[in-house]
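The structure under discussion appears below in the form of structure tokens.
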Amino acid sequence: MTGPLFEYALRLGDDALILAQRLGEWISRAPELEEDVALANIALDLLGQARSLLSYAGQVEGAGRDEDALAYLREERQFRNVQLVELPNGDFARTIARQLFFATYQLGLYQALATSKDATLAGVAGKAVKEVAYHADHATQWTLRLGDGTEESHRRMQEAVDRLWPYTHELFESDELVRGLAAEGVAVDPATLRPAWQEQVTGVLAEATLAVPEDDWRPTGGRRGIHTEHLGYLLAEMQYLPRAYPGAKW
Amino acid sequence: MTGPLFEYALRLGDDALILAQRLGEWISRAPELEEDVALANIALDLLGQARSLLSYAGQVEGAGRDEDALAYLREERQFRNVQLVELPNGDFARTIARQLFFATYQLGLYQALATSKDATLAGVAGKAVKEVAYHADHATQWTLRLGDGTEESHRRMQEAVDRLWPYTHELFESDELVRGLAAEGVAVDPATLRPAWQEQVTGVLAEATLAVPEDDWRPTGGRRGIHTEHLGYLLAEMQYLPRAYPGAKW
Amino acid sequence: MTQATRALEEHFNRLIEADQRVEPRDWMPEGYRKTLIRQIAQHAHSEIIGMQPEGNWITRAPSLRRKAILIAKVQDEAGHGLYLYSAAETLGVSRAELLDLLHAGKQKYSSIFNYPTLTWADVGAIGWLVDGAAITNQVPLCRCSYGPYARAMVRICKEESFHQRQGFEILYTLSHGTPEQKAMAQDAVNRWYWPSLMMFGPPDEESKHSAQSMAWKIKRHSNDELRQKFVDMIVPQAEALGLTLPDPDLKWNPERGHYDFGLIDWDEFYEVLKGNGPCNRQRMEHRRRAHEEGAWVREAALAYARKQEERARKEQAA
Amino acid sequence: MTQATRALEEHFNRLIEADQRVEPRDWMPEGYRKTLIRQIAQHAHSEIIGMQPEGNWITRAPSLRRKAILIAKVQDEAGHGLYLYSAAETLGVSRAELLDLLHAGKQKYSSIFNYPTLTWADVGAIGWLVDGAAITNQVPLCRCSYGPYARAMVRICKEESFHQRQGFEILYTLSHGTPEQKAMAQDAVNRWYWPSLMMFGPPDEESKHSAQSMAWKIKRHSNDELRQKFVDMIVPQAEALGLTLPDPDLKWNPERGHYDFGLIDWDEFYEVLKGNGPCNRQRMEHRRRAHEEGAWVREAALAYARKQEERARKEQAA
């Protein structure tokens, strides 16, 4: 049995790691050079957060696992990220919709976590707030451009928002573990982040002339290691080298 | 150093294995149910040939490697298949063009190899001739339908033929190794298969109202382990489980 | 009802009564035809949607032997789809029409395929539990009153029982492998057990179509009877596998001569049925995309066939 | 030539003579402008096509630290592309025009990027050899007579030398790792060594544009001089890596004070230049696809910007 703090650090770290991996797929494929730079930048920020959080998880666990052992040598069922971040990139609209939903969530999360009683989590979050504020702004600007751009971009952006909306519910699910840590002042209960997120996101969608989808389907399971069928392929690719050369240093 | 017979069995085995893997990607995605069945069938035949050939390679090598060790625990640079079979499937036209080119080649090869002085190779080839005759017929029928079907199918099929044609040259490359084995009556020198292949394929293309491409670019390297950038991804996916659970039995 | 119709209906009823087969040429009540079309179509759709969760592991099967077995299995499912669409065609509805209904969301497929296959062990669990449940459902259908459907089922059941053994064997190998492999097998069984019990449909008191289907001898046993039969079959098999089933209430009841088992979460069942399972959207999108991306191929085949006919006609005329 | 033009030309020549910078506002001969546009565009295109072979390993980098370094490096290449297209824009040609010329196959990029990255060690070899050759080429360009290009090069060279050290470090780690890792490093060096020597272009006696470029102080050294400089630099570095270079003729020549090296296969060079390298088609297709698939995004951004302007204008008017 591993402790709740280990588990919590994994959740945050895996979200950042898997989204960084997905954004990394964009590089050299973006609609313009500035976006190759921007998406690489966001991927780098997330990867940096992931490294801090996974290192910390390994430290808390005390079993000698470092960031790479946790990233490269766990199986799919041991990953704790939400399903939203593991979905295939799709077109630029889908990537932007995911960025809008996730960055807005993560910004609220890190702002609150920056005052955590856990000095490491507070440090990571405090440092990341500025980065994530840029991610949220980047996604917001593009949501406006695509939503209020051409007919085609509007159609694509609305399709993207509709398709990804169901996956946003999982971001705000709380459970005993996180409520326990939140009561100690260590974690942030994600349920508390929802109202501000909802206001922010629906405001952006409205300005972008996009409809806010109805709540219906609520896929979930990532925090318990229940993922979509997409994650396995992502991990096979990501983990290949360390799996193929056990024990090698790189 | 491993011997020429080991190397030769690997070449033939890897061609069959990698093409089976690509065809396996089609299953549940074919244009009609009959084609899900047909492509699965062809994949199964190729996989069966690959298993016999890789098992034999392992036996010849005498280092205790079985078919799975050879399929799952070699790196990209150790694979000996031609580049044609590792290319992404593309649309149905590309898959059919590849099947036409490869099955026609393989049919000639196995017909000749069925009289090899090496009893195992002769046996594998003899058994496979009937299977591959069906593969060639299947590809021929579809080439006719697509080439001489609608305007769109003609355009797509011509595009597919043009795109894959350069990769066919590698099928007929011979080298010292294969010429040596051919002189002993063990292997078939692929260069000798070219005229009949050319006649057969250009005949089908003509009947399908398709133009035979000009010879220009001649990508090569597979027999020396120089592949396209696509093979690494294919292997990462294919080999993931045995890499992740070293020594496990399945 | 005319006298002629009455005579036909009596003939039909006698066939049913005498446990004989109704054949395509026979008169049959409209309700019987509709029920059969709905059931056979749903069954056919389940076979082709069912290719996806297992197909998900073809490129990642952990040995060449397992890869070959898995390809053959998924191929069999496509083949079963073909038999069943053919059986439905004897009732006057084409495969293309049925596929359109599937793609439009107007006909269903078995909800079990809306769960994801997360690990290799899921391929074993599907073979053992899902095919096991399917066989339990289908063996009685081999005696279904409609001939073409009954005959398709005979063929299908034979292959399915082969698949079930293969699934069992995958799990057996895992549960006797490394500790990680055993955990993988147990995890898959934990996830697939309850959904497989749901495959028999809602409890008898809530089942809409059952009574009439039983009267027509399309169905031979109630949902709950079949479910009990399945549970009784898999409990000793789980023991043989060295795996547990995730139901604390599961125990032998010597009075009933059956295993008692816990309450099924019917809310989950109805949610998945409504379209809110983990993979409903993915399965439908995958299916629709394959169909749409294949449209130009089917059109080309048709155009070519027409040209060939034309040519043959001209040759004959010349 | 009018007298005014003659005066301008004299001014231009004096600038060149005095090793001062020509700036966008200055008059310049049409040939000078064209040469610079061709060279800067080719350089910019090389940066963005160069993202592909290394980008190929971003998702598969073997540690998180290496992944971060690699993403940052490929991002730098995009950034270099941006500086360079901006430098070209000062000569009166837009990025969109230059990209169109690239996509139409009317402008080139460095042939080195038409080789595949087959293993992780290729990322190291590209950093060490390809960036090493690029720096050797580019350091003199920091003193190029055209100001905006020279200034872009200063910034780029600083980052490139960072990249070269990272590539060296990857290879060093591999060559001091397991035997398989060392073999992987050696194999990559074997494949990238000769193509990196070709990066300096054809031998001086065959080089078309060199003499005029040297006179204009766009270029400061001949192809062969730069190639020699590069070889002299990497030989001791290869020794430090514990790797060999695949050239049996490579040896120190005390008389020349340089390393002698073997004959380059110029046939291969010209084949790749003609479009027949292993990855020419793949690189161009990847590039064109990204551009085409991004068209609707760029159009949306433009449409939105126009709407915003319109709104601002209306607000002002109100």
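Chains here go by letter, A, B, C and D, matching the order in which they are written, and residues are numbered from 1 within each.
Throughout what follows, a residue touches a chain if its C-beta (ideal position, glycine included) is under 8 Å from a C-beta of that chain, and two chains touch if they have at least 3 such contacts.
These numbers come from a predicted model, not from an experiment.
Shared contact partners of subunit B and subunit D, listed by label: A.
Across A-D and A-C, it is A-D that has more C-beta pairs touching. Distance between Cα centroids is largest for the pairing of subunit D with C. Centre-to-centre, using mean CA coordinates, subunit A is 38 Å away from subunit C. Between subunit C and subunit D the centroid-to-centroid distance comes to 59 Å (mean Cα coordinates, whole Å).
Rounded to a whole number, the gap between the C-alpha centres of subunit A and subunit B is 41 angstrom.
Shown for subunit D are the residues in touch with two or more other chains, namely 60, 180. Shared interface positions of subunit B, i.e. residues touching 2 or more other chains, are given as 75, 236-237, 240. Judged by the touch criterion defined above, the protein chains form a pattern that is neither an open path, a ring nor a star, and not fully connected either. Inter-chain contacts occur between A-B, A-C, A-D, B-C, B-D.
Partner subunit D is touched in their complex by these residues of subunit B: 75-77, 216-219, 221, 226-229, 232, 236.
Interface of subunit D with subunit A (complex): residues 48, 51-52, 55, 58-68, 71-72, 74-75, 78-79, 81-82, 85, 95, 120, 170, 173-174, 177-178, 180-181, 286, 289-290, 293-305, 307.
Listed in rising order, the residues of subunit B touching subunit C in the complex are 17, 21, 24-25, 27-37, 40-41, 43-44, 47-48, 50-51, 54, 67-68, 71-72, 91-92, 144-146, 148-150, 152-153, 156, 237-238, 240-242, 245, 247-250. Per the touch definition, subunit B reaches subunit A in the complex via residues 75, 233, 235-237, 239-240, 243-244, 246. By the touch rule above, subunit D contacts subunit B in their complex via residues 53, 56, 60, 116-119, 180, 187, 275-276, 278-279, 281-282.
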